[in-house]
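Per-chain numbering from 1; labels A, B and C assigned in written order.
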Amino acid sequence: MICGCRLKAGYDGRIVLNDLDITIEKGEIVTLIGPNGSGKSTVLKTISRLLDCVSGNVFLEGKDIHKLKTREVAKKLAVLPQTQHMPPDFTVKELVAHGRIPHHKWFEVIGDDDNQIINWAIKSARLEHLADRPVVTLSGGERQRAWIALALAQKPEVLLLDEPTTFLDICHQLEVMELVKHLNKELGITIIMVLHDLNQAIRHSHKIFVIKNGRVVASGCPCKVVDSRLLKDVYGIDADIMTNTILGCPVVLPIGLCGGIT
Amino acid sequence: MKMAKAFSIGSTDKKHIRVIMFPLILGVLSFLFLLSIRFGSVQYTTGQILGVIFGYGEFDETLRTIIMDIRLPRTLVAMIVGANLAVSGALLQSVMRNELADPGLTGISTGASLAALTIMLVFPAYGSLVPLVAFVGASLSFLLVYLLAWQNGIDPIRIVLAGVAVNAVLGGGSSLLSMLFSDRLQGVQMWLNGSMSGRSWHHIEVLAPYSALGLVSALLCIKSANLLQLGDDMAKNLGLKVNLARVMLSAIAAFTAAVSVSTVGLIGFVGLIVPHISRLVVGSDYRLLLPFSAILGSTLLLGADTAARTLFSPVELPVGILMAVVGGPFFLWLLRRKGRYKV
Amino acid sequence: MFIRLTIQINLREDMIPMGKNTGKKIVAILSVLLILMSIPIYVSATTAQTRVNFDGRPLTFDVSPRTINGRIFVQYRPVAEASGASINWDPANGRITVRAGEASVVMTVGLTSAVVNGRRVNIEATPVILNGHTMVPLRFVAESLGYELNWVNGIANINRRTFVLNEREGTRLIFDRAPRRIISLSVCTTSILHGLGITPVGMNTTGAPLPAELGNVPEVGMHNNPNIEKILTIAPDLVIAPTRTRVTLTPIFTRHNIRAMFLDSMTLQETMDNVRMFGRAFDREERANQIIDDIEARRDSVLAKIRGQQPIRYMAMLGHSGGFAFMTADSLVGGLIGLLGGINVTDEIRIAEGITGTIPFSVERAVAINPEVILKVAHAGTRAEAEKSLLDEFRNNPVWRNTSAVRNNRVHMLDSTLITHMSLGLSIIDAFEHVADVLYPQAGIR
């Protein structure tokens, strides 16, 4: 469904992605993991057109994404960015309403159809009881869900999330992950995430791409891809990988740095 | 969570409050309009004034001139300029994603100043060219700032930094001129502090169409302004061409402000504070914020100008100073009332 | 024009039966008679050719104009009537009363004085009665009615007098009658008007001290931003403003058809020129001349007292140690000292053209130049004690302490009540004397 071919991209003249190839199938939950600076977020930004690539192409359902109109892309792809800005007095409903903008011509305003979709999006994100509260008054997890609701209102086929759980506590992390899985299962939305937490990545994804130095060094089913050799090569850590009986998937337990502290 | 409770006004209540605000502010504006025509340095009765406007009864030529050729056009100029400056500030605050943005950041004030001072101090024989030259100066300065700030796109921080640099250089130029021609300086003081004095119908002939152009353009950009508030990534994601939007909004903001500055000189404060106050009253949705700012800007500047020319008659205070003195404390009061406000 | 009447006498012996000698005698007598007769004709013939035009139209007289004792007299009535005045003749007292609007002229036959507009004036010669008509000197006729007399090609032209005001930059304002309702937007103009006995109908709001008689004059706002509503209500004939407000005020005045002129009185000469111009334009010539004579006398007295002295190299500073600027030779103070022959040291540094008034300056250069005399001016309103402390502070400042001016005790504070560096008016002569006294304390000027 989404295919990135020989992507080369970077910031301010510094190249981060070096001939990176990546293919994501429809309906999958895909997670990009890797060390800091490896280019995970860059891949996400390149795919979502937030960043222009120096060379290489991104194809969405066979069409070159850069040749499509911005609005067309916005109807298909929704992004949850890492940093979020918003005026302090926007309520959840007002925020989510912005998701309908790509579907309007410039002079159109919110209609009844839109209101239905907005309400649906809020419901899917399980925020009905908070719909009229200003977003800044919500807790971390609730806030992320509000932004996800905004993305939902776009009625996308693909949802990209850049480190959605990084600043949340444990229970809110679970909340967000549960919602993501629910969206994928019930609505069939393809999910592409960047995560730092290896265990979350393993537990919630269908497929993992390991990115190091701007290249995909491993990809595939999480259980098969993540092993101690990979962890040593990519992260430089010694870890113990156990299989958790309740969850049925591997759990990584970091032991220490390779060769001590250098 | 206490704060959350304090802030949880029902949505319908809030909507009602916001909707009521519009007729309210329009009412205040109308009232001030009438006040401005009624009062001035020369005392006339309401009957006489009505007589002149509607053309009945006896009135002398002086009364007619004062009401129709002095007070009325001046009132209109104040209203138009107030709306322009407020809208300019509101648009720039969206571009900068910062509520402390003011049209001066884009360099238009210093550009206009330097150009106008060059004429008034160095080539006083060409005095009639001041408005045109000021506008050109403002526009060139804006272009300079944005060219310096452009680097594969336009970013609020770079705009601010470029603006600071350009303002410093042009401001230095203005100061130099002021110093070298210090004995001619008194004549330009009124322009530097902004003044509606002596503005008449032929100023309106230029001001009105350009302002209309600017304000209508601004209204067309409401959606872009709203989207920019969500951050560049989100805005791009929702289909906005962010760099283009920034440049367009900035250009419209600079245009409306430059048209105003070239007509009445430098009046600060309106572009900064009026959108702020509007935000506190009607919220950050530009569909409400922009029109409300325009009306509030008209009201504020009209009130300030009327006060400036009547309080110490026949001496006139500079409008900008009066506005800062009155508007600042009011804004602080409003902040305290609402409790919390993130900048 | 001397008309020679040549009479040819054809004497034919057959027509007149007389001797040859008798014929010659007749010719002689006739010639003498002719010559005698032509003398009065000579007189009246020349005056019979004197035409008088009023406003371009020739006047007809019952009694032709004639010259008496070298002065041309004309019949008063036709001139007065042409100007629309009414005449009243009081035979008992030999008094003629002429009224034209508010103007009035009262003449008495036999008296060499008349009363014009309530003021007694001298006439060149007394009116006389000729053939029952009153004849008065031509010039008096014209001027008493407020007109001008000009001779063009031997024709006397009486025209309405115009009152002219000229700006330095050459703009010219012409009035039909002397402007009476004048608004002054600068203290120096107000001072001159007051000196000429004219009370303005409006003046700028100012903190400068003004004579008590002007206490009731309405204020119209700051000079650079006067209140137009007020001005329109006052309906002045003329507004006089300082030149630095020309750029901003001209469009406003033009738009509302207010006649305005822009001038300054920055030097002694300028002040006197303005006094003279106002005197002529506002019909106060006598008073103006008195003022000018007074100023010139005082100026000449000062110059006489300092004659022979060496020119002094001086520096004039405005402000105090926090921030000061130097006054150039064409500043007000500089101009006054220039008259005394003083040399402004800041002029030794080449500065760009057009930069006038006061300029900030390198202190190093100033100290290096080492002027003989340093003059300081405090801002208007500085109290005497403050002035003294500024002076002490300056003298003790290490930067200036070793300059020759400080060492020779030639640092002086100019009296800020006399020298407000912007505007002075008629008190400029006081300022001149003060400055001269400060520069030449031994000359005994004060």
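The definition used in the following text is that a residue touches a chain if its C-beta (ideal position, glycine included) is under 8 Å from a C-beta of that chain, and two chains touch if they have at least 3 such contacts.
Worth saying up front: this structure is predicted, and the values here are computed from it rather than measured.
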item: Innermost chain, where centres are averages of C-alpha coordinates; value: B
item: Far-end chain from chain A, centres as C-alpha averages; value: C
item: Euclidean distance of C-alpha centroids - chain A vs chain B, Å; value: 43
item: Rounded Å distance, chain A centre to chain C centre (Cα mean); value: 91
item: Whole-Å separation of chain centres (CA-atom averages), chain B against chain C; value: 50
item: Chain B residues touching chain C - in the complex, by the definition given at the top; value: 40-42, 62, 65-66, 69-71, 120, 122, 124, 127-128, 130, 179-184, 186-191, 195, 197-198, 200, 202, 309, 313-316
item: Complex contacts: residues of chain B adjacent to chain A; value: 3-4, 7-8, 10-11, 97, 220, 223, 226-227, 229-231, 233-234, 236-241, 279, 283-285, 340-342
item: Contact footprint of chain B on chain C as seen in their complex; value: 205, 219-230, 232-233, 235, 244-248, 250-252, 255-256, 325, 354-360
item: Sites on chain A touched by chain B in the complex; value: 45, 48-50, 70-71, 73-74, 77-79, 81-91, 93-94, 98-99, 101-102, 106, 132-134, 136-137, 154
